[in-house]
Structures are given as structure tokens and as C-alpha cells.
Amino acid sequence: MKKFFALFLVVAMVLSFVACTPTEEPTPTQEPAVEGTKEPVDTNVTIRFWQAGGDTADAQATMKSLVEAFTAETGIKVDYQTYPWGANPHTSFQTAIVGGDVADLLIVGSPFDYGLALEGQVAPLDEYISEETKADLQGVFASEGVFHGEGELDGKFISMPLYGGTRTIYYNKAIFDAAGVAYPDTSWTMEEFLENSKKLTGEFEIGGEKKTVYGFATSAKYASQYLPFIWNFGGEILTQDNSAAAVNSEEWKAGVEYFLQFFEEGVTPPGSEAMDLAEQLAMFMDDQVAMMCATVDYVTEILKNEGWDAKLGVGAMPNNNGIASSYVGADVFIIPAIAKYPAQAAMLLEYLLRTDSQVKYAQVVGFTPAVKSAMEDPSIANDPVQLAFANALEDGKYYAKVSCSSDITTILRENIQSLLAGNMTLDEYAADAEARINQALAEAE
Amino acid sequence: MIVASKRERFGYYLFLLPAFVVFTTFIFGPMLYSFYLSLCKYSLVTTNNPQFVGFKNYLDLFKNTQFLTAVKNTMIFTLALVPLTLFGGLLVAMGINSKLIKYKRFYKICYYIPYVSSMVAVSYVFKILFSSRPDAAMNALLAAFGVAPIEWLNSADWAMIIIILLSFWKQLGYVMIIYLGGLLAIPEDVYEAVSLDPINGPTMLTKITLPLLKPTTMFLLVTEVINSFQIFTPVHVMTSGGPGMATTTLVTLLYEKGFKNSNMGQASAIAVIIFFALLLLSIIQNNLDKE
Amino acid sequence: MNYKTLRIIKRILLNIPLALGSLVMLAPLIWMVSSAISANTFIPLQSLFPTGEVTLVNFKEAWMFPAATTEGLTMGTFFLNTIIMTVCIVIGGLLFDSMAGYVIARKEFPGRTFFGFLALSTLMVPFYVTAIPQYIIVKELGWVNTLTALIVPSLASGMGIHLFRSHFRSVPIELEECAKLDGASDFRIFFSVMLPISKPIIGTMTTLKAMWSWNQFLWPLIVINNPKLYTIQQGLTFFQGQNVTQYGYLCAGMTLAILPLLIVFLVMQNFFIGGLTAGAVKG
């Protein structure tokens, strides 16, 4: 009897204790700075800054030191937090926005910024960001951050890139040597790329060990893996005005047909219909894959391992009659429309886009700087990896930006996987994808 | 039953109060709101109020091959998994319950351990085990027997089978333990009474054991069907619904629509459909039970 | 062949499939632990047991991994959060479920069947259906980013009420009547007569609830976005980054998420299995 009363008491105490744990309150409310003026902003505040991703140790530490330097310079305190990609940061951010309590500055993966802008959840950046910074942006970004759509945001900057996140080919030199294939240069064509992939597939002796090697590891799970090839043939997901699907075209089909050859020829590992890129990277690390196409953080990760300095080469995307597209998916800054301290957040944004900040971030994390001035820094300009990715960025293209982008990604993945499984012909694949994308667009209306 | 005074009755409601406050706030209220949302166009990121659109979300769903495939896959999963676990669980339970088995506790623990393990973690483990890499664990095992590597989770033919396999592996111990409880509850004298008659094993099973286990089976049938209908985590971790639509199920589609595409209206419509499907099944089951 | 040898043969024939089955059941987890204590490589372990040198370094690295996103953060913080959450859910949940289960099983009052049905019907509502409205409510209550948000919605469960109801139904009525004649109130009877004889079912529910709350995944992902308050399952997402490709390390993370609950289960299994067999499922 007594025992149960005691138990009951303990429960009551524990529960009340937990209930009383205070929510982490943001600093006392403060009038937001008036938009569009150069009036001095109140620097005696703490702003919140959330980054989606940034889960590698160096990225987080680098950003943290930059943020600390910012605080030292301006007096604005920053509560900085990263959200690993595995933890669905966009969902967290979405729910935080719905809940009305979100950070003042966010870094999100493109095109999530566009989706938020469509819902009017993003503050326009034009008033906050100086013309010099805007002019310093790399070419590909100068227009990509601008929103095109209905409402007040039309024609305004809604996002700024943290870095240029493009993908290009990197390769294992040891396998190239063993197969007697010359290292790629920037002029290789798509035919040459496929031919080399075939030559690089087979049994080779790498570092004294016999290995079964696949020439080019690619996965149909990610549109980013095959879209550049389709773009090279002139194919597009949507028509120019984003109103309808354009996938049922000869150009699109030619690109897909080219991509399918890697599977038909067996130059990509078994299961590549749906394989995780991380798993292919593991195979690459074990000398089982000669070439991959991925972002620069993979390269940074590879170079952390012994012996790869000499073994890793970074090439260029293959071209079709001179067109060599690459897939860009930058992580971008946005200031939520409901941010408490948008002006202070913009100061931090601008600080992080400054040449020295960009150089430092690029040096450690590896990503291509978002601004031109940082590219001129000797540590960047003389780094072959940086140059290779910067080159790819020049021909960079973005994914379709509509509110149902995520739906389209799923449709493209499902259909190409069905095509690879032999459940439909190429024509059926294209016609079905077109119909489904059009339906998704209609539903999103 | 003891006849209760009015004051005492009031006391009974006090007993119910805490649990039902929680239910009302976090299940029934949100459920009703979801019913409403399923008739609206509502985005997760918008501050606009939901816009009423009638049955548009439902009509859109029935035009969508993804949804129809998800229904089919969920049915296949449930129809394969539930009989499999019930039968397997009963078999193991009867084995362990046999008087010939000495180390009952050891066996119980072995079969039960997967059920206690975190679904996220074991999904990850299975993902590595059933990788399509020729040098991954399961393929290495096959190679030892001279069998060619299989693409497992990355093949449209195998992916669902592996998800069923994982769920079977995880759920078997639970079903076994519940059946064991049912078996132990059968009074010893029932068997003693019949053992006086010349009666063989199989007859004993079908005539005595199974009928006596009927309440247990019914309970398991309902809970397992409900669980199977909500299959999510292994699919989310291992295949994200692919390859193609081979493993897209109702709840993964709901998650995709609601949380990735912020189409809460359509996601809620899927939710409502799941709810009514389960309600219908329970009513059918209840009627069968009464017969 | 005499009766005794026949018995031995039968015993062996029965034990072999059961033992093989046990091995199959444990194999994935054995493999996971073996990978975790093997060297960290880019090839998944190809045998059930470690072939090379055994090391604990993967655990150490996995333990320290969260520090990559927040200074000073380790898996230890996640464990602490998860333990606080689990203990609160188990104790509070047992109390709420048993109280409701008790009156539904033993008392006659208007709406009794209705409440029983309502409790069971909660099992039919997929969590994902109610997630967004739930989040909005939690937000209104100011609980976002608190452990309260993880605990309170799980305090009552339809399954718990159902199992307690089944249990209390099987308790002989005389017990209650005797106490009643002694003039004890319903609360008193419940706490001093009914609960003490419910140890087996309490054991069962403790393990079941501990398991549910320890392993809940999506809800924490939604309501907790401060890594200092992450649960262990959320912590696993740190290992799902695109750049994590080394298997030993991954498996160490998974092992950390599974092992503690397994230990609790092994320690409590007597109590627990006893409870489940004590008539948990009589309709």
C-alpha cells in the first residue's frame, strides 16, 4: 500500500519536474528593424541560425568559428545549430515555421527555398544585401536566387548560396593505370566516357590485389546522376514556363537511352537501379569502382583517407558536341518571413559571403565559393580540385523549380527504375512520366 | 457486479479521466482535424487557413497510380506477413511448450530479442546485410554455396520479400510469446481427459488446441493486421518505396505526400482511408468472433 | 526400441529446428555486434563472427560522433534524454492505463462499453495521421523542444488499457467485495488490492511501454529540433549521413541503440514473460 503511494508520488514529482522544464525562450521581443533602410540595427540581440546538413565535423567547426568572428566584430550573438541530413531538417524547419517559432537565418537545400517562397514564407533579401555582394556572386547564382512567381516576391532575391554545390566526375588513378586508360581531360565526349567506362570494367590488379572493378558507379535513385546527360542532349523536365512536362521528347529519350547503356553494358555495379551513393562510395574506396559523379564533400571525405592524395583525380563532365552540363544543388541562405531579427540575420548572411569567410569555408570544407572574389584567392585558384568543380559550376544547371519538385523527383525515380526493371519500354516510360508529372502539376495548382 | 451509487460512479469517471484526456487531446482531436483536412487543400508551410475543396483529394488519389500501387503493396504485405507470423509463432510456441524441451527460457529469449530491438537500427542492419554488393554479407554467403549474387533490396522482385522477411523476423517473437500465454492457459486436465481416448496428435491439435486458442488468434489477427497496415520504418530506411514502386505502401506514401511535398490534404485523405479500412476489418472480425 | 530412446530421439528432433531457428533469429544481431568490434572497413563483414582483431574503437568514435554538430555533445546526452523519457512514460502510462482498464473491466456505469471501444479504437489510428494536428497542439501548449512533448502524448495507450482490462476481468470478484465490505473506497481498493496482485501484467506492460517509447522515432524528429534533447533513435540519424560509408562505425552506432534495452529485457525477462502468460489475451 505504502509502496504504491510512494510510487504515485514519484510519478507526480517526475511529471511535474518535466513539465516545468522551461522551453528555451528566445530573447525578449524586440521591434524588427525597419526594412530597406540603412538605419543602425540593434546589435544587442541574439539571433538564431540553423543549418540543414553541415554534418561533417569540419563544416560545423568552420561555420562555428566564422560565426564567432562575426559576433566579435558586430556584437550580435548567434545561437548556431546544425541539423544532420539524416534527421529530415526540412521537415523540422517546416514544422517550426508552421509553429511560428523559427530561426532568423536558415541554410536549406535548394529548391526547398523556392517551395517556401511560393508559400510566402521567405523575406525578400534585396533590401538587406549590398549591391557589391550581389555583383560578386558567381554567374550561375546571379539569377538563380531570384524568385519568379505570383505576388510580392516576384523578381526579388529570396535566397543566396552558401557555396557552389555542383557535381563532377572523380576517378581512381590506380585503376586507370591498371587498365591502361588515359586520365580524362575537360574535352572528353560522352562516347569517350562510355567507352572508357567499359575499358575500366573487369578484373584488375590494384595495389597487389585482384579486384572486380566497375567503370562508372551511378545510381538511378538520384535524378542528379542522369539529368546532366539528358541536358546535354537538350532534354528538359518542364517546358520553359514550367507549366507542363517536357519529358516525352526525343531529346529526353536520347539522354535516358545513353544512361541506360551503363546498365546494359554492366559497367555500373549490380543493383545500381536503386543503390545508395554512399554505398557506391564505399566500393570506390575499396578500389572496386573507377569513376563516380558526386559533390565535392565526397572528395574531401575521400582525401581524409591515407594514400588517396596520389590516387584521386578530379575530372570534368563529358560533353555532347561541346555541351557539358553539370547538376547544381546549392545549399542556400534564406530569412524566414516571420524571422524576429531579419536585419541582423542579413548582416550575418553578408558576413558569411565576404571573401575571407568564403575562402576559409572553401579551404576546409571543399565546396566551391559562391562569390567570384574568393575564387581569385591563391589557395583556391591553385587547387586542382577547386578548379575542377568551379569549371563544372560554369555549366551548372538547376533542378526544376516548382512547388511539386519533390513529387516530380519521385515520379522520375519510379519511372526510370520501372524502365530498368523491364516493366515498360522507353516510349511508355516517357509517356507515363509526362502524364504523371502533368497530373502532379495540376494537383499543385 | 456491485451496484454503485451515483457518487461512486462519478469516481469511475475520475479513473478514466487521465487516459481519456490524453486520448482526446492527442488522438481523437487530431483525428477529427485530419478528417477535416482531408477535405481541404492545405500545405504544411503555409500560414493560410485550409481551403475547403470537397472530395478532390480522394478523387485525385484514385486517379494516382502511386496510390493504387500502394494499396496493392500494403495488401500483399499484410496478406503475406500476418499468416506467416501467426503460423510461425504458433509453431515455435508449441515447440517451446512441449514437455520434451528443457531450456524453454533460453529459446523464449532468443526468439523474442528481435522484437525488443529498435526498428530503425535493425532496418539499417538488414540494409547492409542485403546489399546488392557482390561482396556484401548475404551475397558472400550465397557465394559460399556457389550461388550468383542477388540484387536484393535494389531489385524490384526481392525488395518486398526482404521487407516481409525483416518484419517476420521482428514480429515472430511477439506472436510466439502471446501464443505461449494462450497455450499455458489451456488447463492441463483438458488434455488429460482426452488422453484417455485413443486420439492422435494432429486430431488433438485441430479438435482441442486450436479451438481453445481461438481468442488468442483473433486478438493477434487484429493487432497484426493493424500493425501491418502501418508498415513504414523499414521501407523508409531501406528502400524509400523503390525500386520503382515495388515497396511503396500506404503510410510511406502518406509520409511522402504530407511531409515531403507538404500536401497535407492528400496525406490526410490517405490517413482517413487507412482508418476506415481498419475499422471495416475490425467490424468484420468482431462479427466472425461472435459466430 | 523402448520408450526411453524414442523420447530421446523425439527430444533431439524437436530441439534441432528450435535451435537452428534461434540461431537465425540472433544472426543479424550477432553480425551487427561482430561488425562493430571489427576494424572499420569499406567492405561489410563477410562472416558471422569477427575474423580479424577485435577492437572497441568504433564504439568510442560512435559515442563521440554527435560532437561534430554540437560541441561537447555525445551519445551519452541522447541516452540520458531517452532514459528520462522512457521512465516517465512507463510509470505515468502504467498508472493511467491501469486505472482506466480497471473501471472498464470491473465497474458498471453508463458508457462503459463505449469507453472500452474508444480505447481500442486508438489502435487503429496510424500515428502519421495525427502527427501534424498533434504538433500544432504541442506548439500551442509551448512544449516544442521539451521532453514533455515526447512524454505526455504517450501516457495512455489503447493496448495498455486493453491488456489491463483483460487482466482485471480475471481477478476473482470476492477480493473486491471483501474490501468493499471493510468500507474501503474505490481508490483504496484499486491501489491496495488490485494493483498489488497485478505484478505480472505490470511487468509485461513495463517492458512493452519501455520498448515503444525507447524506439519511437518520427515524433521526436518532429517536435525536438535541439540536438541536446535528441533521443537515441534520433541520434542514429547522425550515422545516416551520405558520407558515412564505413561499416564498423555504422554498426557500432546501431549496437548502441539496441543494447541498453536488450539488457533491461534480459534482466527483467522472468518478470516479463511471466506476465504475458498470465492471461493477457482473454478477449
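Worth pointing out:
Letters A, B and C name the chains as they come in the text, with residue numbers starting at 1 for each one.
Following the convention adopted for this analysis, a residue touches a chain if its C-beta (ideal position, glycine included) is under 8 Å from a C-beta of that chain, and two chains touch if they have at least 3 such contacts.
Note that the structure is predicted; figures quoted are calculated from it, not measured.
In terms of inter-chain touching, the protein chains here all touch one another pairwise. Of the two chain pairs examined here, A-C and A-B, the one linked by more C-beta pairs in contact is A-C.
Each chain gets a centre from the mean of its Cα atoms; for subunit B and subunit C, those two points are 16 Å apart. Subunit A and subunit B have CA centres that are 36 Å apart. In subunit C, the residues that reach two or more other chains under the touch definition are 43, 95, 132, 236, 239-240, 247. The multi-chain contact residues of subunit B, meaning those touching 2 or more other chains, are 44, 131, 133, 135. For subunit A, the set of residues that touch two or more other chains comprises 88, 91, 95, 98, 279, 283. Contact residues of subunit B toward subunit C in the complex are 1-4, 8-9, 11-13, 15-16, 18-20, 22-23, 25-31, 33-34, 37, 44, 92, 95-96, 98, 100-101, 105-122, 124-126, 128-129, 131, 133, 135-137, 140, 169, 172-173, 177-178, 180-182, 184-185, 215-216, 218-220, 223, 226, 229-230, 232-233, 251, 254-255, 258, 264, 267-268, 271-272, 274-275, 278-279, 282. Of all the residues in subunit C, the ones that touch subunit A in their complex are 41-43, 67-71, 84, 87-88, 91-92, 95, 132, 135-136, 139, 142-148, 151, 191-192, 195-196, 221-223, 225-227, 234, 236-247. Those residues of subunit B that touch subunit A in the shared complex are 43-48, 60, 63-66, 131-135, 149, 151-156, 159, 239, 241-245, 248, 256, 259-263, 266.
Within the complex formed with subunit C, the subunit A residues making contact are 1, 4-5, 7-8, 10-11, 14-15, 18-19, 21, 23-24, 50, 54-57, 60, 64, 81-88, 91-92, 95-96, 98-101, 277-279, 281-283, 285-286, 297-298, 301. Subunit C makes touch with subunit B in their complex at residues 7, 10-11, 14-15, 17-18, 21-22, 25-26, 28-29, 31-32, 35, 43-47, 95-97, 99-100, 102-104, 106-110, 115, 118-119, 121-134, 137, 152-153, 155-156, 158-159, 161, 176-177, 180, 185-187, 190, 207, 211, 214-215, 217-218, 233, 236, 239-240, 247, 250-251, 254-255, 257-258, 261-262, 265-266, 269-270, 273, 276-283.
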